[in-house]
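Lettered A, B, C and D in written order, each chain numbered from 1.
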Amino acid sequence: MFELLFFSLLNGVVTGLLLFMLASGLTLIFSMMGVLNFAHASFYMLGAYFAYTISTYVGFWPGLILAPILVGLVGAVVERYGLRHVHRWGHVAELIFTFGLAFLIEEVVQFIWGKDTKAYQEPEVLQFALFNFFGQDFPAYKAFMLLISISIFVVLLLILTKSRIGLIIQAAITHPNMTAMLGHNVPLVFMGVFGVGAALAGVAGVIAGPALGTFPGMAVVLGPIVFVIVVVGGLGSLVGAFVASLLIGLLQTFAIALDYSVNDLLMLFNITTDADSALRDLWTLSLPQIAPLLPYLLLVLILIFRPTGLFGKRET
Amino acid sequence: MSNISSAQSAPGSSLFKVFRPWIFLAVLLIILPFIFSSGISVYTMNLMGIFIIFALSYNMLLGQGGMLSFGHAVYFGLGGFMSVHFMNYIEYEIFILPMFLVPIFGGIIGLIFAVIIGSFSTRRAGTVFAMISLGIGELVAASSLIFVAFFGGEEGVSGDRTMGPNVLGFDYATDVEVYYLIAIWAFITIALMYMFSRTPMGRMANAVRDNEERAEFIGYSQRKVRFISFCASGFFAGIAGGLFAINFEIVTEENLNALTSGVVLLMAYIGGVGFFIGPIIGAVVFTLLQTLLSNYTEIWQLYVGVLFVLTVMYAPQGLTGILAMHLPVIRMKRVGPLLMPYLRIGIPTIICLIGLVGLLETVHHVRSMPADQTMMSLAGLEFDTHSVLPWVIMVVFTVVGGFVAKSQAPQFREAWEEAHAPVSSDGGSAK
Amino acid sequence: MSIAISLNEVRKSFGPTEIIRGVNLNIEKGERHAIIGPNGAGKSTLFHLVSGRYNLSGGSVSLNGEEISNLPPYEIYRKGLSRSFQVTNIFPMMSVFENVRCGIMWSKDYKYSFWHLVDRERELNERTQEVLAEIGLTDRQHVPAGVLTYAEQRALEIGIASAGGADVIMLDEPTAGMSHSETDQAIALIRKITEGKTLVMVEHDMGVVFDLADRISVLVYGEIIATDTPENIRNNKAVQEAYLGAEAEHA
Amino acid sequence: MTIKSTFVAGAVFATMSAFSVQAADVVKIGFIDPLSGPFASTGTNGLAQYQFAAEELVNKKGGILDGVKFEIVPYDNKISPKESLVQLKRAIGEDVHYIVQGNSSGVANALTDAIKKHNRRNPDSRVLFLNYSAVDPALTNEKCNYWHFRFDANADIKMNALTEVIKVRDDIKKVYLIGQDYSFGKAVAKAAVTFLKQKRPDITIVGNELHPIGKVKDFTPYATKIRASGADAVITGNWGADMVGLGKAIGDTGLDIPIYTYYAANDGITKTIGEGGKDKIRLVHEGPVNPPSTPEYSAYHTAFKAKFPEKDVSQFRIANVIGMLAAAMEKAGSTKPIDVAAQLEGMEFTTLHGENVVMRAEDHQLIQPIHVSVHTNEGITFDSDNSGYGMKTEMSVAAADTALPTTCKMKRPK
């Protein structure tokens, strides 16, 4: 049991930090521009595919640098020529635009790279077990993912708290209308933030591609979850996004690890259930079965009872 | 919306004038299967009818109520499941009920769920509403795979529409009979939804969409207005689901998943959410794209994606908006002077598009076909994808067409503005 | 009972800052009452408190003797208080006609009806035309409200507020940003629509205030320092020092 | 009533025209499977195999019945039951009377139901449904019907064969079951429990897990759980991305136990699993690829690879569908579905692998030898995904030993 808990904790943190890489960019964009970017996970997918193509020519490591830069450029272009144009039609149009963009990017990816799973592999140097605990390996690549995620978190935190641009961004998050009055080039800041956010998602894609698979559906699998994190964490709160990422990561791994069903719960109260009733599916419902649903349940509950999110100050 | 509707609401309009579009619609619905009589076209029209109702019900939220929903398929799907269960009840004679009444039960289940979900989701509009609808959509879609007793798992639930008492000799064994069933329901629901938009409730839905705060200062609770719109929308979506169940005789998880919710958003938006008939046009166009375009090209979804993104960017009023922009020109009989500029910009644009589509198709062909199969046919033309000439032609088409079209753009804009310029203040639909 | 609106020790704070600091005010039925004061005195906030846009931090408000503190705006409206906004606040995508008609619907008891067709309701449409004629927008009735000129939008703003026939009407700076001739028209309009009703207005233009108001309250830093007839306010030393003087220096 | 009679007249006219085309010298076979969307690679792969089989086995030999050729007409169903029915309508409108489909039992279920109704309502334009891959046992049990023929072994038969292999592995004491949470995943789990109890009562099932289909990002938590359970073997029916994810995650945790699967080969899966799954992944399937069985098969495979270098003969049963259909038409001397169905029922056939198979008359389930192969790069003649890795046959179960009783009671046309 301890082994299970230990590895679940570890896996939960790895997943959580990966999610944070996506969520941090999304929350910045959302807070500053008011756009919930549906296509954010598509940038994550682009990161993985770019890195895959680069890796077939020059190996994994250059891809780790180049792919996010490319994704960031794509993001900046999308902001400059797409989103900014749509902005005049209002927030609903922006949301629908990113929704369409997500659809389009998936189609373009399929057009360029085809529809099957790509054999994008972790680099040779990281293909070993870092340590063995209770007979279970912990792959070095997972540790590498952990390392990258944490360093990005630290760098992001430093930039936001110590640098001038960070202060502008913080100001823009809490008071979106004020920054323009202070004479900053807001469109440029927006484009930059959008590009950097996309690049962060790209990094996540580069390092998650080998571990979670590189295929056209990878954005759809992850996309809505990132939304959930941003909303649950609270608008304009990086800390909220961080906590929510870890929360969702751990929630999902532990829900799988802990094998309890509704039946077990009812047994506690000495209620027996009829195996043939129309509700039989409800009685046999188990925690691992509904694990991927929990984030959405959390989302709906949070929005009903605390629309500002866990750490947010402004309403969504 | 407001322009068209208020133009029609002008006092003194005779009864015939009011009913003219409806008579036209009824006649059209009756004669369509005689014009398009092949099996597949009747079937496609059935699909259109269902999606017209569904898309219109969606637009009660987005276009008229300002609520962006990413989970509208929930009500469509639940209505479908309830209806297919009713079809089975009829088959096993638990109820004696003519088949054509089944969609009502779909509507009722849609309404019930809309009441439950709307009671908390309509508290706010905007992003909160959108996110709740997304979460609920995911929850319901996933539950449908878990609760097999009701939803039948991924295989869904099947029924048989030919059961139950025959009324007027219809047993719905053929698609044409189903067509008329759907047509009658479509006519009734379109009329009801149109009338809804012209009731105090429908008007206030627009008001809340435009300015939810001000609506509260003229006596209306924005939440209650949204809630009622939401319930009505769920009801009509449920009816569409019921018709789906009758037409396909099977309802599966895909009826209530995120994809269907996305499709209905796409249809409404491409058609134009600002107009009552927008979603109708959107549903027709999208169904045609889906069933026809996919016969000719494997990458049809790419085209749909491009079309959608371009619509959002350049025609936020949708296809109907583009049509409506021409209304004042037609009314003022100024079509003539616009004809030449249209040709001058249209022909190069079409050439550019031909080149682009050709390039995309050829690239796709080269990548997806076996290496020895280099011959491909496109629009009746056979050519070798490994020879240079077709590529050169297509690139030239694209570049030259695009360049000419771009060079024509300023002249076109000038002509367009000229045609519109002296529009007196009362026809400002093209703002 | 001749008091229309009564404010009792009304307070409002945003975070640590107290904007309204215990306002007491009685406005009589049928009176035209103006609230003046320097920028940032809390005039609009006071309006928002009475009309239900903000919740009170303390004190109470009653309308025609009935407590309305912290009721939602639509409840307050239904009890007979209607208001306009300082920043134009209309339904921009709907036609002018629809804007006005929506403002009338509740008072004609349609509530949330989805069984009446608005175009068929003769009385409703006639009343709408009346209001349109009053505010001088009959010619522009089919135009989307969002494309009206500024002055037209201000007129529409007042039209929506008065259309429902509420007996207490609150106008927040109805003539802000208008030219002289436009202001004169606005004054005539306000006079016409508030015939026999209670009017509360916030206004910067002293000409308008002294022209229209029966009584004036002066709000300075969240407190009312004086309430009196225009004549007496003009001569009030405290007001001159605290407000009029300051204003004159400004100008 | 007049309207109604117009319809009838229309319908009669339509069926008459359909009838006259029957005599033409082309048999159209409608291929309804995903050709766009996330499952398109499986669909396009299947289409290529059909086109190749029709060309190689029928058309090149001059066709059947004095020159009748086969034509494969692709219809994209986007793996949606709704779209499948739309495409079925279209196919019927285009005089297609043979439908082949395989991806997703949900689609197969919708099609078999729709075809049953269509044949009842339109006895003059009947359609046969040749199911080449949908393995839900229900399709040849409680949901069976006369117009449906299944050429793949159903999930129960495959599990029966798989447990024959496990039966002789005494080192396996604990088995972990994991599958996708839908009818097929549940059917696999149920069959595994039943057969293991019968054949190896000493084995304990240490886990019986269902995970949501297509929604799991990372299978590591599952692998951790499998590891913690101390299982000696894993059985899974996962396919697509869920199979890749599971295979990778188990490999990453360093678990060295056999994983018995239904679909862990080809379509990019073999390549993606690669080294990590060597000697671990096992596949239950028909048609032994390595070592090659007969020269005929080797020639077929080589010719296919020459034509489609990027694709694989991943579903050998497709060759059986075409071969058996052609044989049945020859025997019936007709291409009319009703005659062909009568011949297919109970038909015995020798495949390119030299195996004897029989289309069992009572439920229209093909009874064929089943093989269990291991994922490896040693001793591979025909690899998958051009990766050097392929499936090497470890054990075979004779056709008769795989047969299971059926509950099917089908109505036959008189």
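Assume contacts are C-beta pairs under 8 Å (C-beta built on N, C-alpha and C of every residue); 3 or more make two chains touch, one makes a residue touch a chain.
Just so it is clear, the model here is predicted, and its values are computed rather than measured.
Identification of common neighbours of chain A and chain C yields B. Comparing the CA-atom centres of all chains against that of chain C, the greatest distance is found for D. Taking the mean of the C-alpha atoms as each chain's centre, chain A and chain D sit 36 Å apart.
For the pair chain A and chain B, the distance between C-alpha centroids works out to 32 Å. Averaging C-alpha coordinates per chain places the centre of chain C 74 Å away from that of chain D.
Of all residues in chain B, those that touch two or more other chains are 142, 146, 148, 299, 301, 368. Residue positions 37, 40, 44, 181, 212, 215 of chain D each touch two or more of the other chains.
Counting only residues that touch two or more partner chains, chain A has 110, 114, 289, 292-293. Taken as a contact graph, the chains fit none of the simple arrangements: neither line, ring, star nor complete graph. Under the contact rule stated at the top, the pairs of chains that touch are A-B, A-D, B-C, B-D. Across the interface of their complex, chain D is touched by residues 37-40, 43-44, 47, 142, 145-146, 148, 153-156, 158, 160, 162, 169-170, 173-177, 244, 248-250, 252-255, 290-291, 294-295, 298-301, 368, 370-372 of chain B.
Those residues of chain A that touch chain D in the complex are listed here as 1, 3-4, 7-8, 11-12, 14-15, 110, 114-119, 121, 129, 132, 134-137, 139, 141-142, 211-213, 215-217, 221-222, 225, 252-253, 256-257, 288-289, 291-293. Taken in their complex, chain D has these residues touching chain A: 37-41, 44, 181, 209-212, 214-218, 220-222, 224-225, 227-228, 241, 244-245, 248, 252-255, 267-269, 271-272, 274, 387. Those residues of chain B that touch chain A in the shared complex are 62, 66, 68, 70, 120, 123-124, 126-128, 130-132, 134-136, 138-139, 142-143, 146-150, 258, 262, 265-266, 269, 299, 301-302, 305-306, 308-309, 312-313, 316, 360, 363-364, 367-368.
Contact residues on chain A toward chain B in their complex (touch as defined above): 36, 82, 85-86, 89, 91-93, 95-97, 99-101, 103-104, 106-108, 110-111, 114, 224, 227-228, 231, 278-282, 285, 289-290, 292-293, 296-297, 299-300, 303-304, 307, 315-316.
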